[in-house]
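These are the structures, in structure tokens.
Note that chain A is present in both complexes that follow, paired respectively with chain B and with chain C.
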Partner chain A sequence: MTVTAADPAAPAADVRTGRAVITGLGVVAPNGVGVRDYWAATLAGTPGIGRLTRFDPSSYPVQLAGEVTGLEPAEHIPSRLMAQTDRTTQLSLIAAEQAFADAALDPAGLPEYETSVVTASASGGFEFGQRELENLWSKGSQYVSAYQSFAWFYAVNTGQISIRHGLRGPSGVLVSDQAGGLDVAAQARRYVRAGRRAVVTGGVDASLCPWGWAAQLTSGRLSTRPDPDRAYVPFDVEACGFVPGEGGAILLVEDAGTAAQRGAGAYAEITGYAATFDPRPGSPRQPTLRTAVERALADAGLTPGDIDVVFADGAGLPELDRIEVAAITDVFGRYGVPVTVPKTMTGRLYSGGAALDLATAALSLRDGVIPPTVNLRHLAPEYAIDVVRQARPGRIRNALVVSRGYGGFNSAVVLSTPPGSISEH
Partner chain B sequence: MTRRVALTGIGTVAPGGIGTKEFWELIKAGRTATRRVSFFDPSPFRSQVAAECDFDPAANGLTPQQIRRMDRAAQFAVVSSREAVQDSGVELDEVDPTRVGVAIGSAVGCTMSLENEYTVVSDGGRRWLVDHTYGVPNLYSYLVPGSLATEVAWDAGAEGPTTVVSTGCTSGVDTVGYAAQLIREGSADIMIAGATDAPISPITLACFDAIKATTPRNNDPATASRPFDRSRNGFVLGEGSAVFVLEDLEHARRRGAEIYAEIAGFASRCNAYHMTGLRPDGREMSAAIDDALRQAGAAATDVDYVNAHGSGTKQNDRHETAAMKRSLGDHAYRTPVSSIKSMVGHSLGAIGSIEIAACALAIRDGVVPPTANLHEPDPECDLDYVPLEARERRVDAVLSVASGFGGFQSAMVLQRHDRGSR
Partner chain C sequence: MADFTIDDLRRIMLEGAGVDEGVDLDGDILDTTFTELGYDSLAMLETASRIERLLGIRLSDEEVGDADSPRRLLDLVRRTAQRLPEGVPV
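Then we have the complex of A and B:
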């Protein structure tokens, strides 16, 4: 891979390596807010799925969701900013704050234009949008908020995080449904390769409003089963769709050299990435997920035997699970690698879900433990994969994270033990 | 050796004419395509003008099922991408489809379909607990506008890296920059990349009314978009798309493709200042321009034409005039600068790509498109904005800039491809 030359304005004694490491995590998940609580809940197999409380779901065929609870955004965000933001933006601002704190990095001390933001989004500030559509159509155009023009669009989280933390480098927003959370991590790595010191990335989504719910229902992929323990059971004989949720993770990615220089520890290095797209429906051509996985491994310079755990997409629908299992067994062999789906505890968080999986994989690398997949009772007999059902300790050098988006997006990221850690030298 | 990126195909859907040729004729002639909104009755709104496309999806080759399924923005993107692929002469059947990617930019995604569907499921805004049984089956693909890229990829048979870039009003430039990077780093050999937006819907008019960003010049729609003019008072909302075929330069050379230009430099910066406000000194846009020129290996004096953001709001036109002076120095005064938004309006995320189409054609034909409706320049906007009439001049290097809500500032440099260069 080529690297764009760094800015000539860079300091003379440059320690930059162009290698991207994750140094900070911020988590807003249905089963835990903050890295510590989330990780403890996840290792313990504690789920955060329940009946929707944000609105009365009685009239809808799906009534379960992963809601972020125990967090009052108004306690973290100035009232002026509360009024002009959707919940998804509030949650992403809180997660970004956590990520900076976790990395012990104050971006104000860094050179101008060397800090960036790139986030994934699926639906923008959708609940805010429903309120303003209602104002427009029930009362009239003069009742539409002055904030609607920038509270709903997909770029809102990146823009608000940039403003809040004074981040002025190249920044972006990608929308590739659930795969977007991985695509932005790759973009963060590109920014680091091009000379940025710190990049805020990840994604937080929330469209748990009636209008967002109606739109999600039409994907045909939501589970209508009412039992929270049986509704979202990827790879199970009873797999019948997924439970949606809200939240996600924001990650702080830094150049490995400048991070080490300031004495910051790293969870993991982003070493591999690839994305592909599936053939159109009805095409005789094969799905391309396997190609994405193989290319991500090649990008990392690794072979399948180097991968110690796969964080699977786990769509929870038999036709999609089958494709993923085929890709995993084609690359790694039958029962060739531990596979886990911690999102069985949170539901699928759209672009926040893949970002949260990256955070989870980073924690897994740090602590040498694979978090469990919950609620899997009977693995479908044709799936020759080793699904981790209880936290499993072991040496983890490299983790593969897989995510797919509606329509055919496939993305894969490899996280590896960061440079400078004992296992590398 | 670093891979280089060639622009080999252009497809355009723009107000005033469907297709690249019609678009180019319109703006070369300095004609405007702004008019009173015709899609719905605009009389309740403060700003009632827009640059609308007279677009018939069936006449442009879309099937009844595609028309039913796709938001108007997706329809624009698919029609543009087909024209771009055809224009490039590339035979997509002959390349590995996993080496062909898609990147589509959009600021507001499937707004039009979302609002239409909202009015039905909410029964005209009467129900907070909307009735989902009235929603169309593909409503999800409007909720998450990744569908814009999905439709283009399906249509082209692309199986490489595919995504939507959504950075508000810089999306059209950022998408081309993103796609160029994927080619440069070797993640794809060909990218179908560009941007689309179809935002002319009541909610969009209402939200720009609320912050007085759009012009209230309703009595004279044809001259309503007045970038850099003393009398400018807001932008005119537009719609449309432009999509390109970008290729690894060696790939394009091997097949003997006609190369419009090379994507020589791209940079973006954030102002970290305000979601809609701009610092008057233009420093972040200037930083993006400097970086884009540096990547292109170009000096400020190499720039033959600047395609401005030129939205026609009071603050934007001053902001970018300041940025150009900051980056180009005295050369800013000697370089033609124009805003085609004066003719085709501001189609939010799409316009950045439509402007890149104009830049590529300016290089090909040696014509700088004008800024229409510019009769009396704002004293604070004192550059050469090519008023009213196009200008013939050789163009080897173009700078195109964009600025958007969220604080995004982007700059791209296109350079003529010298066949002898290595």
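Then we have the complex of A and C:
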């Protein structure tokens, strides 16, 4: 009887570390598609916010958005998939493909049950749903696409990525608005700790259609100011709400051991995470963002002095900005850490926003530079924070990313320079 | 519309469920199974629904499920449109 040699492509179990590193990024953002274009635009402070073009916004109180432009999904996705997907799924699929390419990892070569997918979604497929609702009321039920059954669904981005690339490890979706983009990174880390080799994570939201717009307006948090440079200005004395956008980022997370074994460089290691939930509105108890930050640092085994940059949530509403500044100054001290809000260039992308911040923080770690916050003219005088307004070079070992979701979600993630990182090569 | 042709079916398939990478709908597909063409049950549901709307007919779900190739689906559509029982030549 012949003894079969071990498949050299299969990693030995002892190679695995259970440590989760980010090895690939895919970006679809209003100010750039693809890592290279997005990062160049972001460092240069080039915004992607303008008057809506995807539908006529003139009858709505909010008319600005961050739209992903210069990308034709049909050029990247077969018609078989185009027919059954909303734009949010199409952008997710494009970003996932970018992430695999960026990591130089061929998903077809991965053991199917060792690769998971977990994405965040705040809204599901609104544009697809609107079209089918229009078919329903104007023509009748027999005109509703069979694909409406799942095309609207929060989990559909995860499902379509899983199907397209044959990834059958434990998978799921997290729905916690903006904070979901961080919560999924933590779930990806759990999967790696449990022995998975790779996890596709991150999130994309895209609901810039009349139905999606009407739903977004109900939050009362959108800025009605018409000037793209003044509409979304977190921490500014003129803060008056936010501009919504579409897009996000998909990240490839791998076990540090198997990544190193295949010679892959890593952008960052996911070293810390915590999530909290706020007391009900009107409660005398304090908001819990600060606790999320403190626990994420503790989880990473770091002290505030170890953090080189904070990617803030930057809600853009005075009350929420005040809470975030208090959390940052309570933990780091007055002007104690550089703070940036690159989403001032893209608008808030819901689940895609925090996922994009993670990608941006990973790029900061790689290149040793903090991207700027744009359009901040007059920092509110009571905010004792050091807001980065122009790309700032410097050694970055640990970055804190903070995110809050509508309804009380607070999440914080710490990314750290991993051994053998791209920046050290 | 009894002369529902393979080209009509191709157009409906493209509009409704699309085509996978590596599949050539314009080729000789009459006897290729829908599975080989990358069509699952939902794609068949969407295709049948569009044929029903176009021709103003009602196809039986069970018979659509049995029609595993374009030739058999065309046969089903023609028989249904002409109200012919199974086995009678169209």
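Rule of thumb we're sticking to: the second predicted complex is superposed on the first by the 407 of 425 C-alpha atoms of A that agree within 3 Å, B and C clash if a C-alpha of one lies under 4 Å from a C-alpha of the other, contacts with A are read in each partner's own complex, and residues count from 1 in each chain.
Throughout what follows, contacts are C-beta pairs under 8 Å (C-beta built on N, C-alpha and C of every residue); 3 or more make two chains touch, one makes a residue touch a chain.
The shown structure was predicted, so the numbers you read here are calculated from the model rather than taken from an experiment.
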| item | value |
| --- | --- |
| More chain A residues in contact - chain B or chain C | B |
| Partner chain in contact with A:223 - chain B first, chain C second, else both or neither | neither |
| Which of chain B and chain C A:271 touches, first, second, both or neither | neither |
| First (chain B), second (chain C), both or neither touched by A:83 | second |
| Which of chain B and chain C A:121 touches, first, second, both or neither | first |
| A:149 touches, of chain B and chain C: first, second, both or neither? | both |
| First (chain B), second (chain C), both or neither touched by A:416 | neither |
| First, second, both or neither for A:31, with chain B first and chain C second | neither |
| Partner chain(s) touched by A:344 [first = chain B, second = chain C, both, neither] | neither |
| Chain B/chain C common contact set on chain A | 84, 142, 145-146, 149 |
| Contact set on chain C toward chain A in their complex | 14-21, 23, 38, 42-43, 45-46, 49, 52-53 |
| Touching residues (chain side chain A, partner chain B) in the complex | 1-2, 4-5, 7-8, 55-56, 59-60, 84, 112-113, 116-117, 121-124, 126, 129-130, 132-142, 144-146, 148-150, 153-156, 158-160, 162-163, 165-177, 180, 183, 187, 190, 207, 210-219, 274-281, 285, 288, 291, 350, 405-409 |
| Of all residues in chain B, those that touch chain A in their complex | 2-3, 44-45, 97-98, 101-102, 107-109, 114-115, 117-119, 121-122, 124-126, 128-132, 135-147, 149-150, 153-155, 157-168, 174, 178, 181, 184-187, 202-203, 205-211, 213, 267-276, 284, 287, 291, 294-295, 404-408 |
| Chain A residues touching chain C - in the complex, by the definition given at the top | 78-84, 142-143, 145-147, 149 |
